[in-house]
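Presented sequentially are two complexes of subunit A, the first with subunit B as partner and the second with subunit C.
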Partner chain A sequence: MARILSLADAVGEVVHDGDTVALEGFTHLIPFAAGHEIIRQGRRDLTLVRMTPDLIYDQLIGAGCARKLVFSWGGNPGVGSLHRFRDAVQNGWPVPLEIEEHSHAGMANRYVAGASGLPFAVLRGYTGTDLPAHNPNIKQITCPFTGETLTAVPALNPDTTIVHAQQADPAGNVQVWGITGVHKEAVLAAKRSLVTVEEIVDELRPRPGAMVLPGWAVTVVAEAPRGAHPSYAQGYYDRDNDYYQAWDAIGRDRDAFRDWLTETVFNNTATAGGGTR
Partner chain B sequence: MDATRAEICVVACANLFRGDGEVLASPMGLIPTLGARLARLTSEPDLLLSDGEAYLLAEVPAPGEQTSTVEGWLPYRKVFDVVAHGRRHVVMGANQLDRYGNQNISCIGPHDRPTRQLLGFRGAPGNTVNHKTSYWVPRHSTRVFVDAVHVVSGVGYDNAAKHPSAGRFHAVHRVVTNLAVLDFDTPDRTMRLVSTHPGVTVDEVRESTGFPVDAGEVGETRRPTAEELRLLRTVLDPKSLRDREVPS
Partner chain C sequence: MRDKRMTADEVVAELADGMTVGIGGWGSRRKPMALVRAILRSPLRDLTVVSYGGPDVGLLCAAGKVRELVYGFVSLDSIPYDPWFRRARESGELRVRELDEGMLQCGLRAAGHRLPFLPIRAGLGSDVLRVNPDLRTVRSPYDGEEVLAMPPLRLDAALVHLNRADRHGNAQYLGPDPYFDDLFCLAADRRYVSCERIVDTAELTAGGPAQSLLLNRMMVEGVVETPGGAHFTSCVPDYGRDEAFQRRYADAAADPDQWPSFVDQFLSGTETDYQAAVNAARVGA
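Let's look at the complex of A and B:
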């Protein structure tokens, strides 16, 4: 059974300086509120893991929470670059950021291996690219059956995985529906997990295509209404496309970003969604 | 009826899918997306189209428009199964491309401390070794078409030949740009100029390409038919977003 805590207590319990932390959710259900809480608690030296780092990682990186990023794409979807991410990689601001780059399928398969208790995943991709030369976590392996040379990548087992979902019940069973990305794999692969939810309901009503993360697979649950804003939560609210557009100008400028941090994250502990937009 | 340069490019992208049959078309960007949808409405009715998020489309709306009928559920995580199975044709962008079709979308400069950090490898390593791949380059220039890419993200023909596992399903088909159509049907699998768009000269393409390109038999890129123009202008892109991506 997962324990139900406040967002601040939950993040305080599962995220420590130096941890490897994965915040997952593809387009949909991105755990922004939890990310902002990590910034407020001043965590440092995190290894951040995410298949598709977008604004929430730009914000965590700009706030100086991370020393390393493990990823396969980093951008502002439909808008352009992540300027805080680029400033950290190119100029070491506010702290240098080491990167470990993978392909999408490589990242997904690393989570699957981690969730399955296996030491590595095997792929055809990566062969012929320059990535094995830049990333020691990509190695050649010979198939014992066919003799074909393929690629192995190590299992990904984050210290903590954080995802957002629509609902949990009082026992901490979580129900997610819509596009789920690698929610399941990332939670099962982690040593500890936090699921933030739109609401805690008395009973989960079965829905077509929904996925249940049972309470015994989750460490802590925290209620965070609008906790995925500016991304969306199907059945609750739509994507705030204007926020993504507006982020380009904020992220581009160090001072504008610092002002944003103060106003939106540090002076805004009351609203989990972290936005007045 | 005169076609704009953008419309020529869309039709060239539609032609990329000729003969593909029942495969998942994964076009990145507006012009390739319009191309895939135009192909589905004309020469390739069996092409599987995605809304770019999670649905396979039963109808063929303008990009971004919702339809009432959905053909299938194919969220992000499941796309990898299709990639590995190989029934897919992706049209990717490229920050850099070399004569063998090696693509870079990761960074400019050294990988550990780049001068420009780009968006990242994404699906390129898996796409290029598992199924058919084409490229769309909206601004054909020596910045994109370079002698050697800084980091190989998508695998070209020379690297595919060096690694049997990478070459097994490797198929870089064509490159469509705002100036021309190129392919790799040469003895050494280096880039060849297939056709220039109406109004573009071979010299213009040569000057905009950072390596020598085979220009032995160059045709003119096909102009859209009246029906293709009608579909494009009234059904797929009534707001003419295409002309903003590729000015005439």
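Let's look at the complex of A and C:
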């Protein structure tokens, strides 16, 4: 049964220096509040994993939390580059960042393998790309029936996975609806997990198509209202597109970013995503 | 958009001797029984049947339609064993590929992904490898661990039964479980869905959540309206399993003296005759 903790206690319990940490959420339910708490707690040398590193990882990288990034697409969706991410890769600021790049299908397959307790996954991806030349984790495997050469990717088993969801009950059962991305696979693949939720309710009301993460599959749950802002939480709030636009100017400039960190993250212990305006 | 409505007999006319046919549903639940009954009426033979088996398997075995059976189990749920399946197994005439349930699902998934294999742990440490000498294992290129390599279960045709469909092949389940009907369709070259009722497309989304739309029209070649088409298996919420009739089937199947009269009464005519005989038997009982 998952334990219910405050956001600060939950992050303190599941995220340690040097851990491999996946914050997932596919455009929807991105755990910004938990990301900001990781920054506040000053975690270092993290290997950050995420299919689509966007603003949340730009912020963690800019704050110097990460040593390595494992990903398949990075950017500010609909706006442009992630400039804190670029600064780290190009200039080693504030600390150097190693990268391991995959395809989307490869990353999703890696989570599925990790959640299934398999050592690897098989797919037809990566063929015709330069990714295998740059990423020794992408290997070939021969079909024992046809002799065909296929791509193998290793299972992904993060030390900790953090996702955001709409609701949990007091026993730590979690209900997620809308676009659920790789929430389930990433949580099941991880050694430890934290789910931040919009609210803790007495009883989860069944919803068509909703996904339930049972309490026994989750380590800790923390209530974080608006914890996915500036991304969105279906049924609770819409995406804050202005925030994504405004981020471009902040991310481009080290000083503007430092000011943003101070004002929005360090001076705001109640942050739930936090506004820039 | 194409109107894909067909009759059950037209579906069977598109099948050929020796084909590999996947049958959806699960045990004695939401089986495309009207399509199976249409096969019973046809001269079709030498089928390889892939199924989480129920009375579909028993009836096809009874009619001598099955050359090879690929299955995770065969059960009538409330009656553990199908007597016709038992007899076919005991006679040794049926070629079988007995798989772990997870392997069957994995094989359908590999076929749907058009992959020559997928790795899985299920089956390791059991006699599945001994009784299926065609299977292989594969080593992880990372840690050298050996896992089972499940080959694709490619199907020439898939037969499934859902609660509702439109004429284009979008189809909906309204019960608690999709089973693996979508995987059967993705694994097959030709896909036929029978349903309780064909409705307008708009009525599909009015009748249930978007997630209940299990099949989309790209996954379906033919749609057959067959009210009661899953009988005597369950088709919740339209109807539950007809336990009395299933008992009647199992009793007749277990007794070679009784079986011909069961066939005469229920399986010698059209689908309309079948439904009428079932109703008459229910009134008589």
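Everything that follows uses one rule, which is that the second predicted complex is superposed on the first by the 273 of 277 C-alpha atoms of A that agree within 3 Å, B and C clash if a C-alpha of one lies under 4 Å from a C-alpha of the other, contacts with A are read in each partner's own complex, and residues count from 1 in each chain.
Keep in mind that, in the parts below, a residue touches a chain if its C-beta (ideal position, glycine included) is under 8 Å from a C-beta of that chain, and two chains touch if they have at least 3 such contacts.
A quick note: this is a predicted structure, and the numbers were derived from the prediction, not measured.
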{"item": "Subunit A: partner with more touched residues, subunit B or subunit C", "value": "B"}
{"item": "Contacts of A:130 with subunit B and subunit C, given as first, second, both or neither", "value": "first"}
{"item": "First (subunit B), second (subunit C), both or neither touched by A:209", "value": "both"}
{"item": "Which of subunit B and subunit C A:154 touches, first, second, both or neither", "value": "second"}
{"item": "Which superposed partner A:122 touches (first subunit B, second subunit C, both, neither)", "value": "second"}
{"item": "Which superposed partner A:2 touches (first subunit B, second subunit C, both, neither)", "value": "neither"}
{"item": "Contacts of A:186 with subunit B and subunit C, given as first, second, both or neither", "value": "neither"}
{"item": "First (subunit B), second (subunit C), both or neither touched by A:86", "value": "first"}
{"item": "Overlap of the subunit B and subunit C footprints on subunit A, listed as residue numbers", "value": "123-124, 148, 150, 209"}
{"item": "List of subunit A residues in touch with subunit B within their complex", "value": "26-27, 71-75, 81, 85-86, 89-90, 99, 101-106, 108-109, 123-131, 134, 148-150, 178-182, 209"}
{"item": "Sites on subunit C touched by subunit A in the complex", "value": "113, 115-121, 136-138, 140-143, 145, 147, 149, 151, 208-212"}
{"item": "Residue ranges of subunit A touching subunit C (in the complex, touch as defined)", "value": "116-124, 139-141, 143-146, 148, 150, 152, 154, 208-209"}
{"item": "Subunit A-touching residues of subunit B, taken from the complex the two chains share", "value": "53-54, 73, 75-77, 80, 83-84, 106, 111-130, 151-155, 159-160, 162-170"}
